[in-house]
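Take a look at these structures.
After this come two complexes, each holding chain A, first together with chain B and then together with chain C.
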Partner chain A sequence: MQTLNYTKTKQAARWFDVRRRKAGMWAYALNRITGIGLVIYLYLHLGVLSLLIRGQSSWDTFVGVARSPFVLTLDVILLAGILIHGLNGLRLAITGFGFSMGAQKALFIIVMLIGAITLLIAAIKIFTI
Partner chain B sequence: MSENPFAREPRPTTAWLWQVFTGVGLVVLLGLHMIANHFVAKGGLRNYHEVVAYLRNPAILSLEILFLLCVTTHALLGVRAIFLDFGLSDRDETILSQILKWIGVLTIGYGLVVMWCVIR
Partner chain C sequence: MNALTVALEIFRYKPGHPMRYDTFTVEIEETAHVIDAIDLVWARHDPTLTFRRACHHSSCGSCALRINGIERLPCITRITDVCDGKTPIRLEPLRNFPIVSDLVVDVSEFFQRMSATGMTITCEAEDYLPLTVDSFAVADVVPKMVELPENLSRFNRFEQCIECGICMSACPTMATDRKFLGPAGLAAIYQARHKTDDPVTVKHLLGLADGEHGVWRCHSAFECTEACPQAVDPAGKIMALRRELALRRLQRLFRK
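Presenting the complex of A and B:
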């Protein structure tokens, strides 16, 4: 695009580099990276759901594959992305409306701990269901 | 310039408010979707007949449609926010918004067609 300014592009891409950055930048970068991953997953998921249109055999064959340990591991990674993005997003919403502005780092650490505990419980559930 | 990373986070605009609104909705709807489809279902996924029976429940269908609307809106607003970081002109921002709007319409349309094909 003609209006894509190189300097702005470079500045906009800075969020991706979190080396020697503070917790706030980690939170920002994590939200973006998980967000991009989840958008890609959304369209993959919608694509997979087209198997339902093809009928019972297509879907049930997929279900068999989806229960393999490899896919279950991918499910855990997906869940990690959902938890990071969702919980960090809630933190962003709270602080975006002006609440807990002075405790953003603490809030980030708390939501990530909640996410880690939830992920652990869910991962056990996923592999034992 | 001293770095305050939290200051780079979004400020309330109409798009940002919609992102928050759909995001909060998603926390609830995605939670229900995950529990109902993956944690309650035997083996972590419903087979074909179970999916059909599940979606034929009007309350479930309504929630799944709401989920589709929220997730698509939230995702595309997020994509828009990332593109806007690259300093687009007003004209390019309008074009981007139009493109994403139509991608959203097609995505929701596709999701509704899949649901219709399953429950009919």
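Presenting the complex of A and C:
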């Protein structure tokens, strides 16, 4: 029987298709996006740390760049990714073992609110210290 | 009753031809369901349109498709619930199944998963009766009580699961792991496991659930439970299986 099958790329794009979907799907997509972002950051971080091999001057130059508003904004985005991924991970650990299943949407909203408040406080600190 | 003018944008695919969307306009009663509109398109506009339907009351699950991107049963979805009067109602086949023709998908993979458990899903919440009314009795005939067959200790109605495949279409993990047992398959394993205390059967069922494509593949989008038209709650069953598997591992760990 001849059938139509979509390509793997199109299939994978469905991870992020949140149109008309509920809170659980939004949490799923956010976790995937932030997870991929954090893996990319990990490699960038290792690359930046390798500047230490080149001596103090190259590291000092980097620290100067790291204090620019652009990089500080990237820091806030990074923190947002960590908070979303980490707090949602806690929610998944709870629901993943059959606890509070009926409250998974409420849990998502609660952890995202905690994340938003933490991010706001951290962002103020990052830009004022 | 008022008639509505409804536009339907329907996914079309025939083997050997590129896929496309065709738009049809039909006049239909405002109390009608989406399946009635599809019937009208087939009867009055395009008899080559392929779709499935049978019971018209959410018992068979055969008509399942995506309406405006979300998995639903068109036989119980009212036109007025999905039509905003401005944009056409978009009808597409279920995702994560090979498309055979237009709105028809090959659901054989679904039934392969269900058969892995060795049983159909049955309902725990139903009342069990020693005698039951013959469901095939005609309305104005005195209902006939059916004797319990000798080999059955009680009647057990088929559960809410109507095997429509909606949960497999809604699951984002199914999109990239075709071997994933999926929400319906894992819910069936859960039900089968709770029907028996036989250690060999329990070991087999939990082994299936604990496998590479079992419960740990689920990434908790909960879309299966959201989309299920019969409140089977596959996500809840998957999480319950996880808990049992985790507890068993912990017990083994501390015994050592």
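Everything that follows uses one rule, which is that the second predicted complex is superposed on the first by the 116 of 129 C-alpha atoms of A that agree within 3 Å, B and C clash if a C-alpha of one lies under 4 Å from a C-alpha of the other, contacts with A are read in each partner's own complex, and residues count from 1 in each chain.
The working rule: a contact is a pair of C-beta atoms (placed from the backbone, for glycine too) under 8 Å apart; a residue touches a chain by one contact, two chains touch by 3 or more.
Just so it is clear, the structure is predicted and the values come from calculations on it, not from any experiment.
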**First (chain B), second (chain C), both or neither touched by A:Gly89** = first
**Message:** If we overlay the two complexes on their shared chain A, which of chain B and chain C does A:Val76 touch? Say first, second, both or neither.
**Reply:** neither
**Touching partner for A:Ala123 - first (chain B), second (chain C), both, neither** = neither
**Request:** Once the structures are superposed on A, label A:Phe97 by its partner contacts, choosing first (chain B), second (chain C), both or neither.
**Result:** both
**Of chain B and chain C, the chain that contacts the larger number of chain A residues** = B
**Prompt:** If you stack the two complexes on chain A, which partner ends up touching A:Leu30: first (chain B), second (chain C), both, or neither?
**Reply:** neither
**Complete:** After superposition on chain A, the chain A residues reached by both chain B and chain C are 1, 3-5, 8, 12, 15, 21-22, 24-25, 27-28, 92, 95-97, 104
**Complex contacts: residues of chain B adjacent to chain A** = 3-6, 8-12, 16, 20, 23-24, 26-27, 30, 34, 38-39, 42-49, 51, 71-72, 75, 78-79, 82, 85-89, 91-92, 107, 110-111, 114, 117-118
**Asked** Once bound in the complex, which stretches of chain C touch chain A?
**Response** 13, 15-16, 19, 68-70, 95-96, 98-100, 106, 172, 175-176, 219-223, 226, 235-236, 239-240, 242-243, 246
**Message:** Could you list, by residue number, the parts of chain A that touch chain B in their complex?
**Reply:** 1, 3-5, 8-9, 12, 15, 21-25, 27-28, 32, 35-36, 38-39, 42-43, 46, 49-50, 52-53, 55-56, 59-60, 63, 66-67, 72, 75, 79, 82, 86, 89-90, 92-93, 95-97, 104, 122, 125-126, 129
**Fill in**
Residue positions on chain A within touch of chain C in the complex are 1-5, 8, 11-12, 14-15, 17, 19-22, 24-25, 27-28, 31, 92, 95-99, 101, 104
